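Next come two complexes built around subunit A: one with subunit B, the other with subunit C.
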Partner chain A sequence: MAPSVFRSPVQLPPAEALELSKQAPAILRSSANTASTSAIGAIFSAPEKPEEWITYENLILSSLRTGDDKAANQCLARLVARFGENNERVMALRGLIKEAEAQNDGELEKILKEYDQILSENDTNIPIAKRRVALLRSMGRLSDAASTLVQLLDFSPTDAEAWSELSDLYLAQGLYPQAIYAEEEVLVLAPNAWNVHARLGELQYMAATASGADGGSYQKHLAEALKRFSRSIELCDDYLRGYYGLKLVTGTILKDSGKPAKLTDEGDFVLPDTKTIERLNELATAKLAEIVRHSTAQDRGWRGYSAAEVAAARELLSEDSSSGIVR
Partner chain B sequence: MTFISKAITAVGGILLAHACYSAQEHSALQSFRATSGAALTSAPTTAVSLPLDIVLETIVSTFIILLGLVLVTRPLRPIQWREWAGKIEREGEEGFKDSNGEVNKDYIGNPFAIFESRPNFVDIRKQRKEFAQWVKKEGGQKAQ
Partner chain C sequence: MAQVPVQTIHRDPQLFYWILFPITIVMVLTGILRHYATVLMASAPKKLDQKTMREQRGLVHGINVRGNFHTLSKRSFNARRDALITAYESGAYLKDPENQGQPPPNPLSDPGSMEGMMGMMKNQMAMIIPNTLIMSWINAFFSGYVIMKLPFPLTIKFKSMLQAGVATKDMDPRWMSSISWYFLCIFGLQSVFNFILGNDNAANQMAQQMGQMGPQTAQMFGPGVDPNKQFLAEAENLAVIDHYSVLDNVEDRLLKSIRV
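After this line comes the complex of A and B, so read on.
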């Protein structure tokens, strides 16, 4: 089935993005270019629908990705005709198209200067500020991007998307504690987001298994990861990613349960006893097996999982059964 | 399932129509008897209520229609957070189709997925490169 044009195409696999961008000419043809700005025109023309503008925005993203710059420029022209040149979102989309069309670093520098120019006129232009961060990151200047983003968050601290990007930026630089802190801020803003809980669990697990983590912080990170994955499956039944993480973490804890547990500062989350962890591990294994079985058989009502995630879960399970749980 | 429920609703409808018709006939007959009877005998006219079978038929037919309508309704939407979230993860688009088989327009998948896709921070140059590589790979596979 064709992906919906109403949803953001950023995370679609390439095949679906191609399919989406192939729809662009048809959509551009079928909807007439009649964004009227005069009051009388607005009375006589058909009522405009907000979905139309979301469609154009998403089409710009997917056609830029597939290299169809012409369609992207046509979509942008329609958005400009409706919202004007100085709309902040339109400005950001124009910058996005320029970035995509840039051939070398010199042109990118020029775009960066343009962003600086726009921000010096109006430094609350958040879409452009975000584009600037993304461009810096794309040019490989990670620490610049992070410091710019921190400035943005200074005056807009409730932007969960920006906090999440900051966490990812820190992770790319290997700064685990900062990445975890930023991801926790996302959780403060969206406490029911089960995927953010799982993401934080993954970050904690990465921080624990990264080299250089000493005994105390190792235990602490693992305990936190356990807690986060448990919360994510509490918020979402049959969450593959949550159970996968839970199995991974409990497996790791059980594997080195021989080592003495160092209980550091008070107030930290202490690991539950081995029996509880074993039961959690069994639960995760059973659930993963169920999910893999149903989605391999393509049972009705179990087709929402992505094939790659199911394959990864199957691999984890087979690894487990071939080696046996090391206790 | 839909055929059965439609048939049940139709039977209920016929019964209800029959009950209405009977009630109408009954009252017409009563008024006729009252006018003609008053002329012949001097018995007092009493207001007669509907016979029991018509009343029962009305009530039963209403419940049969209700049964037919209830059978055809779609399963209720989950109202618990974790069930709803699990439905999104487990069934994807399939769980949110209306009766025409179209995916509900309001369905956006996991509403918190934007914290991981972050459309405002998209690195378009990287995406273009990845896409070009994917096209090359696909083209290579097709050529073989």
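After this line comes the complex of A and C, so read on.
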């Protein structure tokens, strides 16, 4: 999909973010400062569109990524003119710009103090609370960030974004069970999100392959990873990460199938029989090859895949074929 | 059988310009005015303090776990269920735990709910006042004669509605008076307002009344609801869940559904 100012630029690769931020001056010029302050003006001017404000927000994000602080500040000024200084989202965006402009750790500390100040006045300002977590994380204070996020989630446990970030924070610290728990909470809030299913599968796989996992939990994690990836593909049948993970997991299981399957408690998932696993592996390999082939050829309907993910899939496939020859 | 002769009434054609148009224009303008008055009078949504938010979202969290338990493995679900039931039954999520077991406070004495009622009052007033004014205006100026003939036949029952204020027994119900034109405007201008003001306008009071009459949107956190009771009910709901997982046999389903 072409980069658009209406979509959040968080996931964009650098080149596309740059392209977006180059549009900033043109957009700022073409749309006059429409936020009218007088009530009469508001009646007669064209009705405002929510897209306009989303555009500004996304422009701020992509201009900050590409170092265009001036455009970011102009966009922020428009948002302030419309929503006021004390709007929670606007406050968070201003904090974001300040963080981006900060030159050294001292300034970051100062911004952190400002956030504390804002939160002490209004402890339900969730955008600022999240900024605070992100700032702590970027300053390298992971455990502080995690505990702050846990406090936030204590009074707002229905925030999928926060749970997801918490899972990532725990993962960065190597705390797999906690990361898995947090990712499961995301699934509780968004039960049909195939990317979250695949992500949980990845976490389970990492937990299984990390050193220190004993036999029982190793099997358990692998079994659940396999099922998570399967579910993710079931929900979205051309999801590259799902197939990639499925291939990886089934490959790992098949490689050390010599290990005796330990008896697991009731309540854990058990691995399906070897034949099913082999068929799953074949399916994933075939699908991955298909995706790689079509997307390299730029066929119609196969263009949305990220180049990096396709490259990784190709690598996995070639690894597989070379090891197959050895075997 | 003798044909009933078609009733003809000679009207001044000016009636059309001096009554139909003014009433319509006034109705449209009041609708627009009412829309902007509602927008201006609307109070900003009340900010929740942290404890209230915790109470409400804690409950919603439980509902989510109950609704989507099938995405979890049995072990993770049981862990969540035990934690939630314990917390719910001990009142850990309650805004003020010492009030547990006491009857809910009178909604009238709670300032928070008073504000909501004031908002409703304002809306009602914005509907009632202009309606009363316009109706009395029409009654004072334009009552007592017919202004137009509808292009389709009607049964006799419509007489009392369409010819309000014209007490003539034998007149065809197709003739209508100004007050009935006013009623037609009330019911029929919604699409005009949609065109002028956009879809979510507050101009038409009929739409609002329909909304009120419709199924009561679940007042989960409204005044007068005892949160402790909600929590206990939710704990019970969680306790009776018979767990299954969507991941059971997912690989077989997958192999069946996807062919390369």
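Everything that follows uses one rule, which is that the second predicted complex is superposed on the first by the 322 of 327 C-alpha atoms of A that agree within 3 Å, B and C clash if a C-alpha of one lies under 4 Å from a C-alpha of the other, contacts with A are read in each partner's own complex, and residues count from 1 in each chain.
Convention: contacts are C-beta pairs under 8 Å (C-beta built on N, C-alpha and C of every residue); 3 or more make two chains touch, one makes a residue touch a chain.
As the structure is a computational prediction, the values presented were derived from the model and not from experiment.
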Practice prompt. May I ask you to decide whether A:99 touches subunit B, subunit C, both, or neither, giving the answer as first, second, both or neither?
Written response: first
Practice prompt. May I ask you to decide whether A:82 touches subunit B, subunit C, both, or neither, giving the answer as first, second, both or neither?
Written response: neither
Discussion item. One more residue to check, A:123. First (subunit B), second (subunit C), both or neither?
Written reply: second
Practice prompt. Scan A:287 for contacts with subunit B and subunit C and give back first, second, both or neither.
Written response: second
Worksheet item: Does subunit C touch more residues of subunit A than subunit B does, or is it the other way round?
Response: B
Worksheet item: Thinking of the overlay built on chain A, is A:272 touched by subunit B (first), by subunit C (second), by both, or by neither?
Response: second
Practice prompt. State whether A:154 touches subunit B only (first), subunit C only (second), both chains, or neither.
Written response: second
Practice prompt. Could you look at A:237 and tell me whether it touches subunit B, subunit C, both or neither (first, second, both, neither)?
Written response: both
Discussion item. Going by the contact rule set out at the top, does A:227 touch subunit B (first), subunit C (second), both, or neither?
Written reply: second
Discussion item. In the overlaid three-chain picture, which partner chain does A:302 touch, first (subunit B) or second (subunit C), both, or neither?
Written reply: first
Worksheet item: Once the two structures are fitted together, what part of subunit A is touched by subunit B and by subunit C alike?
Response: 234, 237
Worksheet item: Given the complex with subunit A, which residues does subunit B contribute to the contact?
Response: 81-83, 85-95, 103, 105, 108-110, 112-128, 130-132, 134-135
Worksheet item: Mind pulling up the subunit A residues that touch subunit B in the complex?
Response: 1, 4, 6-8, 10-11, 14, 17-18, 51, 61, 64-67, 92, 96, 99-100, 102, 127, 130-131, 133-134, 137-138, 160-162, 164-165, 168, 186, 190, 192-196, 199, 234-240, 300-305
Worksheet item: Given the complex with subunit A, which residues does subunit C contribute to the contact?
Response: 36, 40, 47-51, 53-54, 57-58, 60-61, 64-65, 67-76, 78, 80, 198, 245-247, 250-255, 257-258, 260
Fill in: Residue numbers on subunit A that touch subunit C, as the complex places them
39, 43, 47, 122-124, 154-158, 181, 184, 187-189, 191, 197, 224, 226-228, 230-231, 233-234, 237, 265-269, 272, 276, 279-280, 283, 286-287, 290
